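Please find the structures below.
Two complexes follow with chain A in common, the first pairing it with chain B and the second with chain C.
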Partner chain A sequence: MSIDLTGISKRFGAFTALDGIDLRIGSGELIALLGPSGSGKTTLLRIIAGLEWPDSGDVKLDGESTVEHSVRERQIGFVFQHYALFRHMTVFENVAFGLRVRPRRERPAEAEIVERVQRLLDLVQLGGLAQRYPSQLSGGQRQRVALARALAIDPRVLLLDEPFGALDAKVRKDLRRWLRRLHDQLGTTTVFVTHDQEEALELADRVVVMGQGRIEQTGSPASVYGQPSNPFVYKFLGNVNEIAGRIEGGKVVSPAIEVDALENEDDIAGDVALFVRPHDVRLAPDPQGPATVRFIGVAGPFVRVEVLFDDQALLLEAEIPREDFADLSLAVGERVRPRFRRARLFARQPGQFDLNPEQVSLLSSNL
Partner chain B sequence: MKSRRGREIDGHEAMSATQRVAGDAWCERSQSKGRTTLNVGGRWTVFTLGPLDRQIDAMKLDRADAIDISQLEELDTAGAAELVRLANRVGNKQAAVPIEGAQDNHARLIELAGKQKLRPEKKPHVSWIMHQLILIGTTSYGLLLQGRNLLSFFGETLAVMFGIVRSPRRLRSTAVVNLMEEVWLRALPIVGTLVFLIGFVLAYQGIEQLARFGAQAFAVDMVGLSVLREIGVLLTAIIVAGRSGSAFTAQIGTMRVNLEVDAMSTMGLHPIEVLVIPRIIALLVTMPLLAFFANMMGLLGGGLATVVFLDFTLVQYFERLQEVIDINHFWAGMIKAPVFAFVIAVVGCYEGLQVTGSAESVGRQTTKAVVESIFLVIILDAIFSVFFVSIGL
Partner chain C sequence: MSAAEDRLPPLRRSSGSVGRIALIVLGIVLALLLLVAPLAVIFAEAFSKGVAYYARNIVQADTLHAIWLTVLTAIVVVPVNIGFGIAAAWAVTKFRFPGKKLLIALIELPFSVSPIVAGVIYILLYGANGLLGPLLADHDIRLMFAVPGIFLVSLFVTSPFVAREIIPLMQSQGSDDEEAATSLGAGFWQTFFRVTLPNIKWALLYGAVLCNARVMGEFGAVSVVSGNVRGETNTLPLHIELLYHDYNAVGAFAAATTLTVLALVTLGIKTLIEAKGGGDPHRPRH
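For the complex of A and B:
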């Protein structure tokens, strides 16, 4: 089922949760709504589900406005972050609930319900646990029960609100892949909300990045990550070094750092904000280099190195693969010459490079 | 850090002798041509501000025309904030005094500090009487709003109930029976015991007091009237509000916290139909039964007292009851039971649905539900009493 959202706005008192959202979700798509907390992504999901009403705008399911449709007619499966299982019912009854409460003429026969629930439980790999109560299950199992319960009513749309938010990293990763396979198998239109960029980029066909009640960018994971359309998206999709730079003739003239590839040199010139991912920063030991190493953190697959430029105004973060780091043999206090493999240019925002706290503390200790 | 701390202490001692130690913050007043200037210098940083503050206080500054910071050696955000505060303090009400002679980087820091609000906004001063009036006003407005919301919820449940009356299959009968056991069967012992004791006490007190006029036998009239008309049903309502009304709020409230209510909605179920109606019906049916049981226990309690203290036999007691107590008194009490049941159930469910977010909210709403339903029950009881008397029931 396709979903059309036009001009959706929603306010809670003085707080604007959603501000004119337009979005079209195609049938069978797997979409991620990605954004920081407070960006309105959960509110949007609840509006699609009919749990919340927009102040203005329209939600169309398969081209039909939902205003005339009750929640039941929408046929939506909703999975909550904290599962929201019925605690006084067994796993089996939880999954069967959506079918049992239907009016008699729409209700499947008891034998059919039993068969269908068992099939769903097998699908979520919980076939043997039908008679357990939710409190006897682990978090990952509960979330799969919640999914089975949502799927039981043959939803035309599956909505998931931070489905893996309450699970530990390992289980989260497994469930993520499993959900992707499940979606490929069933082909249900699916929308899920997350604040985890890794999850969104890995799982979704299309990522919708939201910030402060607006859609900042929509696109495939590769395009959103590779060509962020604005600084917000760039910053939200990973760590970033923000540098005040000057571009003349397609070259960076300030700061004096070599850049291998400027991603959008044609678009902008003059005073710009230069955005560089830490893993695109290369460091070479150089006694005449403009910066010194201030911190080295060796946890994880990457070594994190902070370098401070001599004029104190610029602190750079670099992530270097372990093997490369071993070759460099850097130490705190050593002079280095940084180089960027690639950088992206954005227009400077007013006040962007005014004193930030980091620089203020540097200033005061060196005056 | 250590050496700086050391200097700070030195600095403090030096200052009390009004001498300057290089590297520490200082502040002096100078006057020329009727213009007062505060000369400021040294290191104005977070490490030196403590003694500096005391020094400035000791100067008893009132007015100055400018602050000269050309001799300032070091400044951090705390120092800049202190400078801005000083400039505000020695200025007049309209404007702070100018800060002169700043180096470029100092000026930027001071500008930054000047943009921040350094003190929480003061609440406007309100006199005590005004404060009380405001309190009364906001509370009454809150009560009005609450009343309106409750009324609209009453309406909504009634509408859903009529829908169910039209197609009774939608009623979840298993849940109703289950709830009946909870609110009726399990409540029998406590309701019975309490009303029995109250009946006993009433009769005993009546006998004691009426004996002074030699009218002990009228204690039976008193017990019969008060138990049947008021005590039986009122006490039942209060116990049910505390026992079942609060349980309704807590049950529905936890389901809300757990988002189970939302989960039901997405499955196409109306929360009022699934959660509220069965509770209302269960209480509506069982509360009259409970009230009847309470009445009988109350009368029995009174009977026991007359047997013990008045040398009546139980047969005499009931004969006397039959003589003096009209059946109307019984109905006047019983008719209130379903009304109270409805109020308690609706308030309990309403407050449960108002729960948002946390477990703390469940507790708060439960308290609210009990207080509100007991309050409403007693108000309604008063209205009923007046009404019944005026129609001669």
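For the complex of A and C:
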């Protein structure tokens, strides 16, 4: 089932939740709507489901407009952020709900309901818990019941609102991989909403990055991470060093840092914003270097090093693999020469690099 | 968390035990003084001239009629106010609309209006000399100083009870369950009976019990509109007062015992329903 969104706009009072969204989702795709809170991603999901109505624009399912169809008629499986399981029903009855409420002539016989529910519970690996109540389940189990319940109506599209938001880190990771396998097995067109870039990049076929009611970029996880089309996407997908730079003749002339690869130097010249991921910063000990190591954090897979340039205007964050760090043998206070393996250029935004006096004094006092 | 709490040492048992015992004693004494003693007095006074005398007072035609009228009022008023409470709570918790705050305030209005004033308002509206009096008289409808008036003021006085109980609950539950049900294909009534109603049933039951107790015990508003016609528009509370002013203390207390028994029956029904819901993990625990 393909989904076509054209010109979707939605306002809540003075707040513009969605502002002219156009998006085509192919049949069988697994799509992530990624964005910070307030970016409109959940509103868009609810509009696809029919739980919310757009002020303008159209939602087409397999080419057929759904604006006339209520949520009840759309046959869309929706998994709520907090699962919305019916607390007074057993797991079995929760999953059977969508079958039991069908009009009598479409309703399957009791034996068939039992069989289908059991098959779905086996699919989500909860076969033994059919008679439990939701309050007797863990978060991950509730999530899977919600999924089985949504799948029971043979949904044409599966929509999930922050599906892993309420789970702890370990369960979240397991469930994420399990959901990917389940999608590959069922092939149902699936859209999920998340604010967690790692989740979106790992799970989705295609990531739709949203900000302030608009789509900022759409593409495969590799392409949105590798070629962010604007500063918002770049910043949202990971940590970033933002540096005021100057480009002349395709070369960085300021700051005096060597850059191995400028990713889009053709497009921009003059005063620019240089975006560098911390893991693309390399440091070499150098008594004549322009910067000093200010902080070293050794916990985690990478060693986090902060260096401050002598003119105090630039604080740089570097993430260095543990083995490389051991070879460097850096210490706080030591002088270093940074190098960028790659950097991306964007036009400078007004006021982007205006340090206020407070920040300047903070930088110098912490040294 | 609870496991950790279980392992906590019995904190300050020595210093706390005096305070704890004092509190328990205080609780028992107050319960005896304020609840048990008055109840005991009612029954003691009612039976002070023997069981036969008591029974004679109860089977008096006027007393029997008062009992019937009280029960009838409850039978009429409680279901209407359950319906009103659910509809009002549904409206203010599941929808966004202008004037919602005003509606919530209006629902609670009967709580802040003195019942006597409520009764007087009804007289001024529906009485013979009231605003709508001539219109009603033209159609030969008599509301005030008649049974319908008792129903009306009872409805007014007890209308917030059910709504007040379920509005906070429905607010905290949000609309997710209803949206889930609808997305699974359930229609409005299916959603209501299979999802909404089970979610609020304990609060609803409690609201209905409170509503029922107030209907049966209501004195002020009913005394204004009933006209106190023995054997016609006298409810139990009014009848008790009449008997008492007739210097028939035993009769008054005998009638009072029937009101007490009605209250106990209500409580018993509530307990029974809750016990039947024993398998429900969301049954309120006391």
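We adopt the following convention: the second predicted complex is superposed on the first by the 356 of 367 C-alpha atoms of A that agree within 3 Å, B and C clash if a C-alpha of one lies under 4 Å from a C-alpha of the other, contacts with A are read in each partner's own complex, and residues count from 1 in each chain.
Note that a residue touches a chain if its C-beta (ideal position, glycine included) is under 8 Å from a C-beta of that chain, and two chains touch if they have at least 3 such contacts.
A quick note: this is a predicted structure, and the numbers were derived from the prediction, not measured.
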Combined model on chain A where chain B meets chain C, clash or fit: clash
Which of chain B and chain C A:F80 touches, first, second, both or neither: both
Partner chain in contact with A:P163 - chain B first, chain C second, else both or neither: neither
First (chain B), second (chain C), both or neither touched by A:Y133: second
Which superposed partner A:P221 touches (first chain B, second chain C, both, neither): neither
Contacts of A:I153 with chain B and chain C, given as first, second, both or neither: both
Touched partner set for A:V101, first chain B, second chain C, both or neither: both
Superposition clash, chain C versus chain B, among 20-28, 38-46, 56-64 or 272-280: 56-64
Shared chain A surface residues [contacts with chain B and with chain C]: 49-51, 70-72, 76-78, 80, 82, 84-87, 97-98, 101-102, 149-150, 153
Sites on chain B touched by chain A in the complex: 45, 73-77, 105-106, 108-109, 112, 169-170, 258-260, 262-263, 265-269, 274
List of chain A residues in touch with chain C within their complex: 49-51, 70-72, 74-78, 80, 82, 84-89, 97-98, 101-102, 133, 135-136, 149-150, 152-153
Residues of chain A touching chain B in the complex: 49-51, 70-73, 76-78, 80, 82, 84-87, 97-98, 101-104, 149-150, 153, 159, 354-355, 360-361, 363-365, 367
Complex interface listing, chain C residues touching chain A: 176-177, 179-187, 190, 194-195, 198-199, 280-282
